[in-house]
Every structure is written in C-alpha cells, then in structure tokens.
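Each of the next two complexes has subunit A plus one more chain, namely subunit B in the first and subunit C in the second.
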Partner chain A sequence: MKRIYISEEYCIGCRLCEIHCLVAHTKSKKILKAFKDEIPKDATAAVLVEEEGHLSFALQCRHCSDAPCIEACMTGAMYRDKKTGAVLHDEDKCVGCWMCIMVCPFGVTAADPATHKITSKCDLCAGQDSPACVANCPNEALVYEDRENES
Partner chain B sequence: MAKSKKKTADYVIVGNSVAAIAAVEAIRETDCDGSIIMVTKEGEMIYSRPMISYYLAGKVKLKNMRYREAGFYKQHNIQLLAEKKVVKVEPKKNTVKLGDGSLIGYGRLLITTGGEPVNPPIKGAAVKGVFNFTTLQDAESISRFIKANDVKSAVILGAGLIGLKAAEALLARKIKITIVELADRILATTFDKKASQIIDKALSKQGCRLELSDSIKQVISGKGKVTGVELLSGKKLAAELVVIAIGVRPNIEIVKGSGIKVKRGIVVDNAMQTNISNIYAAGDVAEAAGFFGGRKMVLAIWPDAYRQGRIAGAAMAGVKTRYQGGIVMNSVEIASVPTISVGVTVLDGSEDNVEVLEKSDLKNSIYRKIVLKDDCLEGVILVGKIDRAGIYTGLIKDRVKTTSFKELLLNEDFGIISLPKDYRKHMVSDVPMMM
Partner chain C sequence: MALKTYESEFKIVRDDSKCIACQVCVRQCANNAHIYDAEDEKVYADDSKCVNCHRCVSMCPTKALHIEHTPLQFMGTANWTSSAIRNVIKQADTGGVVLTAMGCDKKYPNYWDRILLNASQVTNPSIDPLREPMELKTIIGKKPDKLEFENKGGKVSLKTHLTPQLELSTPIMFSAMSYGSISLNAHKSLARAAFEYGIYWNTGEGGLHKDLKKYKDRTIVQVASGRFGVNSEYLNTSAAVEIKIGQGAKPGIGGHLPGEKVPEEISVTRMIPAGTDALSPAPHHDIYSIEDLKQLVYAIKEATRYTKPVFVKIAAVHNVSSIASGVVRAGADAVVIDGLLGGTGAAPAVMRDNVGIPIELAIAVVDARFRDEGIRNQASIIAAGGFRNSADVIKAIALGADAVYLGTAALVALGCHVCQKCYTGKCNWGIATQDPYLTKRLNPNIGSGRLMNLLRGWSIEIKEMLGGMGINAIESLRGNREHLRGIDLHDKERELLGIKAAGETW
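Take a look at the complex of A and B:
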C-alpha cells in the first residue's frame, strides 16, 4: 500500500504539515476560515513534529501492516479499512480506555482531555491523492509512496 | 430413541469473544470455503467483555458494546450455535459434545472458553447483593440491583484489573467504594507501592478507601440482603453491594480427562497448538509462553487474546506465525488518574544487572518508573501522564539496548527523536515492521 515515508534530513521543522493537517480535517478546508471559525485553539493535528536542535521530523500513524492498536482496541473503534489498508479510528465507538496509547510503538495516538477519546488519528486524508501533510511539505521531507511492491 | 444427525465442520470454535473472532478473521484470510461452526454458551451478540465497566458506569449503551457488527457470522460464512454449552471434548473421536447430548465433529478445533471468576468460600456470601463482574449479565444484574436498592456504598474485594474496573464504574455512578485487597498494593502484578499510594490518595479525595493487606472475613446481611462486611482485621464496613473480583481462572472444564494437556490453563506452543495436533486454544483459557522466558503462563488480557486468536486461526488454516510470548500490561484510569503499566515492574532485589529509573511529582499525581535489565527495558509504570506510553512498550518488545539514550528515558518529552538514529530510521523510514 501507499504509505507516508519520512526523510528527517529534509525536514526544516516549519510545521506546515500540522497546519494543513488541521485544515484538511475541517468542513470548509479553507485555511483562513478554518483557523478563524473551525479549529479550536488547542487542537492537535494528526501529524506530530518532533524537534530537537537542528533535527526534526513529522510523524504520523504508520498504518502498520500488523497494527498493535487494532488488536489492543477493545471497542473495535480502531479498524483497518478493507479497501485502502489504512488504520482508521471510529470516534463514536471509542471510550478512552487508552489501550492504543499503551501499545503504539510510535506514540501517535493521543488522548483528547475534552472528549475523553482518542483524537486526531491520521486517516491518510481518505479520498485524496496525497495526504495534506505530504502535499504541503515544502521540502519533500514527507513522501507518499508504495515501496512494498519494489524488488 | 432417534439418533440426531451429527453436525460436522472443518473448523469448530468454542466461544465467541475476542480470541474466537480474531481466529475466524485469520482463517478467512486464507480459507474462504472451509466450514466453520461456532458454539457459545452466551447469546449471539459479539460484545466486548472489558466494556462491561463502561456499560455499568452508564457511559455506553448496549448497542455500543458490540465488538463486531451483527452481520459478522453471515459475512464470514459461519454457522453459529448460540446459547449452547459444550460439555466435553473427545479428541479420539474428533467430536465435541453439547449439553443437549448432540455431537459436533471437527477437522480442527479451537477452544476459547476464557476464564471464570474465582470465588473463595466467604461466610455469609450467599445473599442478594454479592456479585462477580466478568460478563454482560453480571453488569446488568449489578445495574438493576443498584437501581432497585438505591445502593450508596459498595465493597470491592480484589484490586486487580477487574476490581479496579468495577471501582471505576461504581465511582461513575456516585457510589462510595472501599476496595479490599490482600496484597500491600493495588494491581499487584504490575504496580509498585508508590504507584499504588498515588491512586490511594486520589481515591480518598473522592471519599473512597483502600484497605490493603486485608480481606473479607464474612458478609453481613439482613433480610437476605448485604448490609456490610467484616474484614479479617476486624474492621466492619457498611455496604449494600459487594463485588468479588479476586481473579479469574481458565475455564477448562470441557477438556478434563480428554488427554489435552492442562496445567493452570490449556498448555499451548507458539502456534497455539495443544499436545493434540488438531486442537488449539487461545485467550484467557490458554497457557502460553511468556515474553521474558521462564514458565508458561495464563495471561488474561485483551491484546493477547486477540493476538493468540489470530495466530491460532492462521495456524489452523495452514499459515504458521509465531507467538512471541505475552507481556503483562494494564491501562487503568481510576479516580481521574490515568495509569499504564507494562512488563516486569516489581522487583524483589535478587535480580542481577537490573537498574531502576524513576521520577515523581506526587503533588500532581505523576510518577514514572522504568526497569532495565542489561540496559534493555523490561517494565514501565506511568501514573498521571501516560502520553506516548507505547514507545516504551515498543522498546520492550524490540529488546532495544538503551545504553546510549538511557538518561533521556524519564524525560517528559521522550519521543521517537530520542532513539538512536539507526533504530529511529528503521522505524519511520522502512516498511513498518511490527512483531
């Protein structure tokens, strides 16, 4: 399947990925309207920029082929999309047991204190040719490719 | 007497909880045509057992307890026999016998009968208001009892996962609770005393109590209903509800005398196969390898039941994958304090090459402890702040040497960036590989 790959050498820590991730998950998908009316001040994006000195990279759900979050999820909220292979999260089903936080080796599922559910889980921007974080990365530090079928 | 026609199937699965469901899904990834019969003593609804605490708390409705949709059986082409109890496995005849005397023949058999609550003999406990807490039926009975009797206070015996989940649920219903635990701390398998003390403090802020190193001597009742308990220490507590949650034991009744090897649970190898080649077991009934070696163990936790079920299903359909061994882990939020504990966290001081790192801010109910053996993570306790806990779990599973970044492990912003470059790049740039 197509996945988001990270090249930390190219990341400049600009955090445009975070901004565009948030916008892509609003109704209007328009940056000004989104930040003015739709996105709460303390919103977290489904992509997380880790930074230390000159090193930085943007990390989002890896959509593991053998996903520990799916097996740990006791509600069935975390599931695999049969068509795309993406690991998706159904917020309606989530009860905030934090089992996915306990097992995700990348630490990319996060709790929303307001709703007491897992929040902002990367959905690969379902339906788009390229996820918003990749499409808006100015330096190709994120790429969206299918490397599994390469020899 | 007319002899009823014997049913047969390529795959027969006893049980319909998570291990059984995971097995079916794995079988169907390889074998779309083989016939499957599932037998369950419960109803046909595939519900999530751990969700019963959220149900009792009033946080989810019955329909949200579904772990898989109602169409699951049809979709996976399964013949379901609900509310039917398997009473006996007969390996020599490749059949299982049901309570009504009928027989089902199998090509391969998977036993996922789970666990049953342990009920110690307690004087006076055979009265109304004393419950276990492992099934939907238990949750419904407790819920009805609370309403009908206007329950204001409860005693929970046992501060393991089930006891604490019951506590969480009862607290949400504004019931004053006292948790009675024989050990000197809660979650004795994965918590240390300090972690336990933080929760104790949080509970007492809500008017609840923890009675450690103690147990129930007798249940006190009036007119056939619970009115309180007397503890071994002599203390008396008033309560209209008692939940007995000292643990579960594997439900192995149906294999007794069958020749299937049993210790505490049904003994299985790393493909979930029993000593009889066409019989498998998975989930809370199975006794399988532990991650850190040593004796096989019964690990009654959800993620492992799923994993074992998948491995068993795949193996039954001819695809071999390997169980890497179970790691004890718990995620429990109690009195608004989230906690995650994984692996070996309790030490008796006799261990070699073990190092413990810890940091705490008890005022804010925050505690972080890491146990290293030969610089590899073996356990972690997080109280209060549990963000990104899985990174530690991943380090345990991957047996990563932490020598070069050990001093960063306790940092609040410990992340993937803190890991050595090679390992980090393998994690984020390669095709994701999980164990």
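Take a look at the complex of A and C:
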C-alpha cells in the first residue's frame, strides 16, 4: 500500500505538516477560516513533529500491517479499510476507552479531553492524491509512496 | 549602554488579519527576528534582527508577512547615502571592518546590458533548434598547434599527443565555493547536478568531503593558498585541478573561516584541528613569480601523472591580460578570470565594491592578447563573476570565453535570496551555514533538480539565440565579436571590447 515515509535528515521542524493537517480535517479546508473559527485552541493534529536538538521528524499513524489498535478496540471503531489498507477510526462507534492509545507503539492517536473520544488519527486524507502533511512539506521530508510493491 | 544612532534597515510587516500565530516564522528565523508571546498568543517582530532573506515570507502558510526597507532613512545627500552614513556610524561604534558577502553592490556600468546580439534576416537563414541539431558541447583544455596524422597501410591515426581535456555538455560550470563557506548539502546538490548534466563543479579551497568522492569524474578540485585538504589522493580524486591565485570579490586578499565554523566534518575535510580558524594567506607563500607558479602547475601535473588539466584562477585586475599570458606560459591548460562582480562568502565591503575590473573587459582583452601572441590555443578561457542569465553567458562566449562559471546564480537556484549575510553563518536557506538545524533545509534531491532545471533552461535559451544568429554550434560563436554590437559605450570601451557600435554594418 501507499504509505507516508519519513526522511528525518530533511525535516526542518517548521511544523507546516501539523498546520495543514488540522486545516485538511476541517469543514471549510480554508486555512484562515479554519484557524479563526473552526479549529479549537488545544486541537492536536494527526501528525506531530518530534523534536530534540536539531533532530526532528514528523510522525503520524504508520497504518501497521498488524495494527495493535485494531486488536485492542472492543467496539470495532478502529478498523482496516479493505480497499486501501489504511487503519481508520469510526467516531460513532468509539466509546473513548483509550485502549488504542495504550497499545499504540508510536503514540500517534489522541483523544478529545471533552468527549473522551479519539479525535486525532491519521486517515491518510482519504480521497486526496497526497495527504496534506506530505503535500505541504516544503522539503520533501515526508513522501507518500508504495514501496512494498517495488521490484 | 551607548546610544545606538542608526535604525533597522528592514521593517517586518505582519498582517494581523491573516496571522494565525502558527509560529512557523519563529522556528524558521535563525536571526530570532520573530518572537512568540505565549501570554498574548501573538507573534511580534524585532526589526533590528531582520536581514530581508524572505525565509519567513516564503514559509508563512497564510502569506501574512511582508518585509520592506524601513521608510526611515537618514537625510543624506546624493553622495552621503543612507548606507554610507550607516557604515561610518557602525565603524565609529566598533572600530571594525565592514564585512559583507556575495558580489559587488556598487552601481558600475554593466557591459552585458550594453552589448546587443545579432540575428539572421533574409540573406542568411536562422536555424530552429527544435528541428535541427544544435551543438553546445564544449571542450576545455590546451589544444595542439597542429594535428599530425600517420597512415599505416590505409589506417589513419592521430600522431599528435593530446593533453587531457574536459568535455562539457553546455558551456557552463559551477564555480569554486568551499565546504565551509557553504554547507555539505549545497556541495551535494552542485556535485550531483554537475554529474548528471555532464558539466563540472568545483570544490573550492576547503577540500573534498568523503561522501562526494563518487562524483570525482565531474569534480574540479581547488588548491588555494591555505592548501586545505590537499594531498595526492585529493588531487587525483578529480577531473581537473584548479590553482586559485585570486578571487573577483576580493582580489589580493586571502580568506578567513572562523573557528566556530570548523566543526568535526569540516576539520576532517580541511585537515585542520576542529575549532581552529582556517586562514588562507593573501598570496601563495611559494609563488612570487610566473616561474614559481610554473613549478606548482608542474608539481600538480606530476602528481596527477599528466592525466588532468590544470586551471589557474586569477581575479580580473588592471594588468589581467599580461598576467593571463604569463599564466599560460606557466603551463596552465585553462585560465579562469573572476570579474569585479564575483561573489564571496565574506569580504570587507571596501574590497568587494572597489577592487578589480569588469569581467566583460577582462575576457575581451585576454582573448585579444592571446590571439596577438599566438597562444590562444594553448589555454581555454573560463569567465566567472556575475553571470545572471543565458544572454550574459552567450555574450561572454562571443567575446572569447570558452565557458563560464556560475556561483551566485547556482546559489539563487538553491534558494539564496542574496541578503549578503553569508559571513554570519546563519543562512536561513541552509546554504551558507554549518548549523545542523539550518543545513537540513537544503535537500540535495530538490537542490540538484533545481540546478539541472537552470542548466536546461539556459541551454535551451542559448540554442535559441544561436539559432537566431544562424549558427548551429557554440564553437562557431566563440570569439566571434562580429555578432556583438555596443550601445551607450564610448569609443575606448568599444575598442577594448573589440566590438562595433550598434548601427555599424559588417
């Protein structure tokens, strides 16, 4: 499947990926409107830049082939899209038990403190040619490729 | 604290209706010109730290930023300009030398803009490069006085021994910029682009990083007065060797890479202790004459078993034609001339802005001198310093250059916005810096692609202009000054350039 790959040597820690991820998951998808009206102040993007010293990289759900979050989810809210292979989250089914957060080896799911439900989980910007974080990375530190089917 | 009596040069204008306080500008500015106040949840600016490099403007996701020259200027006069006053105040404050970078920032006549190209009409057909072959291939190196052949039983072979030559796919190369003055990622971008496009890049005087040895067949290694990183292996990991005598931006003076810019990797490449200043003396201390130069040229030829051409780079100064003639007689396979507008990573502003002569005149007088003395075939002429577009390149070739070196244009292709602050080591574009937080901003995969785009674009334009003149090979234009006409030039300038005035016929 097509996955997001990270080149940490080119991540410049600008966090444009986080900003555009938040915008891509709003209704308007317009950056000014999104930040002025739609995105709550403490919102977390589905991609997070990890940073220490001059080393940084942007991490989002790895869409693991044996995803522990799917195993751990008792309601089936966390599921695999049969067509694309992506690990997705159905907010209607989510009961906010946070088991997915507990088992995720990468720490890339986050919950809304108010509703307790999982609100931040990379969906590879379903329907887009390229996820927003990849499309807006100014230095190609994120690339969206299918490397598994390479000969 | 003494009163600071000059104000910021630039003003950061933030459109609050567009600013989303995402702090990308704060993270991107190595000069700390943007400051986030968590209490106010707002981003503020410190204009005094802004260098007008446009990194924040380019990165701002909502295009809320704009930089302008501060409207507040000294009263000044026609001669006492704002910058003249500012520099006097700065020097009175510090007692220091006014440092700067990049090329000359003083408005001297630009001869490229006063030279016009010819085109074919009716009596000679122009050529469409999209339909007919057009040759840009350029060969650099010493050419024999004559070719002798031998015929052995009907099999003809070349008898004359040919000295080593470089073959370029287009008459452009990347000029010397050292690892130290620019980042390893910048070197990687240049090396890869040169390798893939079939031209050459130049290490500059800072040695060759081990990761770049694989590009050796497209690498020109430089030997300068500091002899950094020079040993037998270095000389042989190359396609050609260049002895640097002078640099257009600062003829007559050496270089100084401060110890802070000599981290481990650079110290290994330059073969000097980490954290020590890398000083390039003004002269080579073993070269005080053409005869001395000849010794070094031949020492290098011996060390490389006569397999590589040796270039000698000089700055365009008043006696450039005599010096260049001496350089050829010292055995150089190519003379590199770096003009008044040549760039640098750091130089005193007085040197950069006042020393040397324009490259246009230097090419013309050197080419004419070599022809007069019958030595034009003995060395190629490579011109450097201030080439801004393909028209400048083609005019240089028509004046007599074999190829040109690009420095600033290549850096601009990599992201440089010519803010002239290379010497601070805080290049926000990841080019003229060794700070690992900044160098990763230049991704060589992107950089090399952009350089190749530039080479491709200029090459297409050169073919178009050649075709317009009815010429199908760059070789036929070389030194063909009949295709040039001068405008707004006085007679002496045209005499030196060897070109007729616009309006004069063949």
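In this section, the second predicted complex is superposed on the first by the 151 of 151 C-alpha atoms of A that agree within 3 Å, B and C clash if a C-alpha of one lies under 4 Å from a C-alpha of the other, contacts with A are read in each partner's own complex, and residues count from 1 in each chain.
To be clear about the criterion, a residue touches a chain if its C-beta (ideal position, glycine included) is under 8 Å from a C-beta of that chain, and two chains touch if they have at least 3 such contacts.
What you see is a predicted model, and the numbers here were worked out from it, not measured in a lab.
K.L.:
Clash or fit: subunit B against subunit C, after overlaying the two structures on subunit A?
P.N.:
Aligned through their shared chain, the two binders fit side by side on subunit A.
K.L.:
In the overlaid three-chain picture, which partner chain does A:140 touch, first (subunit B) or second (subunit C), both, or neither?
P.N.:
In the superposed model, A:140 contacts subunit C only, not subunit B.
K.L.:
In the overlaid three-chain picture, which partner chain does A:124 touch, first (subunit B) or second (subunit C), both, or neither?
P.N.:
Neither subunit B nor subunit C is touched by A:124.
K.L.:
Rounding in steps of 10 degrees, give the angle subunit B-subunit A-subunit C taken between C-alpha centres.
P.N.:
With subunit A as the vertex, the angle is 150 degrees.
K.L.:
Is A:88 contacted by the first partner subunit B, the second partner subunit C, both or neither?
P.N.:
Neither: A:88 stays clear of subunit B and subunit C.
K.L.:
Compare subunit B and subunit C by how many residues of subunit A each one touches, and report the one with more.
P.N.:
Counting contacted residues of subunit A, the larger count belongs to B.
K.L.:
Pick one for A:54: touches subunit B only (first), subunit C only (second), both, or neither.
P.N.:
Only subunit C is touched by A:54; subunit B is not.
K.L.:
Let me test your reading of the model: by the given contact rule, A:106 touches which partner, first (subunit B), second (subunit C), both or neither?
P.N.:
So A:106 only meets subunit B here.
K.L.:
A:32 contacts which: subunit B (first), subunit C (second), both, neither?
P.N.:
second
K.L.:
Quick one: classify A:15 as touching subunit B (first), subunit C (second), both or neither.
P.N.:
A:15 sits against subunit C, while subunit B stays out of touch.
K.L.:
Closest pair of CA atoms, one in subunit B and one in subunit C, after superposing: how far apart in Å?
P.N.:
16
K.L.:
Where on subunit A do the contacts with subunit B and the contacts with subunit C coincide?
P.N.:
In subunit A, residues 7 are touched by subunit B and also by subunit C.
K.L.:
In their complex, what parts of subunit A are in touch with subunit B?
P.N.:
Residue positions touching the partner: 3, 5-8, 50-52, 55-57, 59, 62-68, 71-72, 74-76, 92-93, 95-107, 109-111, 147-148.
K.L.:
In their complex, what parts of subunit A are in touch with subunit C?
P.N.:
Listed in rising order, the residues of subunit A that touch subunit C are 7, 9-16, 19-20, 31-32, 35-36, 53-54, 136, 138-141.
K.L.:
Over in the complex, which subunit C residues touch subunit A? Could you list them?
P.N.:
On the subunit C side, the touching residues are 18, 20, 22-24, 27-28, 59, 61-62, 430, 435-437, 440-441, 443, 445-446.
K.L.:
How about subunit B: which of its residues touch subunit A in the complex?
P.N.:
Going by the criterion above, the answer is residues 18, 22, 48-51, 54, 59-60, 64, 66-68, 302-303, 306-307, 310, 329, 331, 333, 338, 340, 342, 386-391, 393-395, 397-398, 415-418, 424-425, 427-429, 431-432, 434-435.
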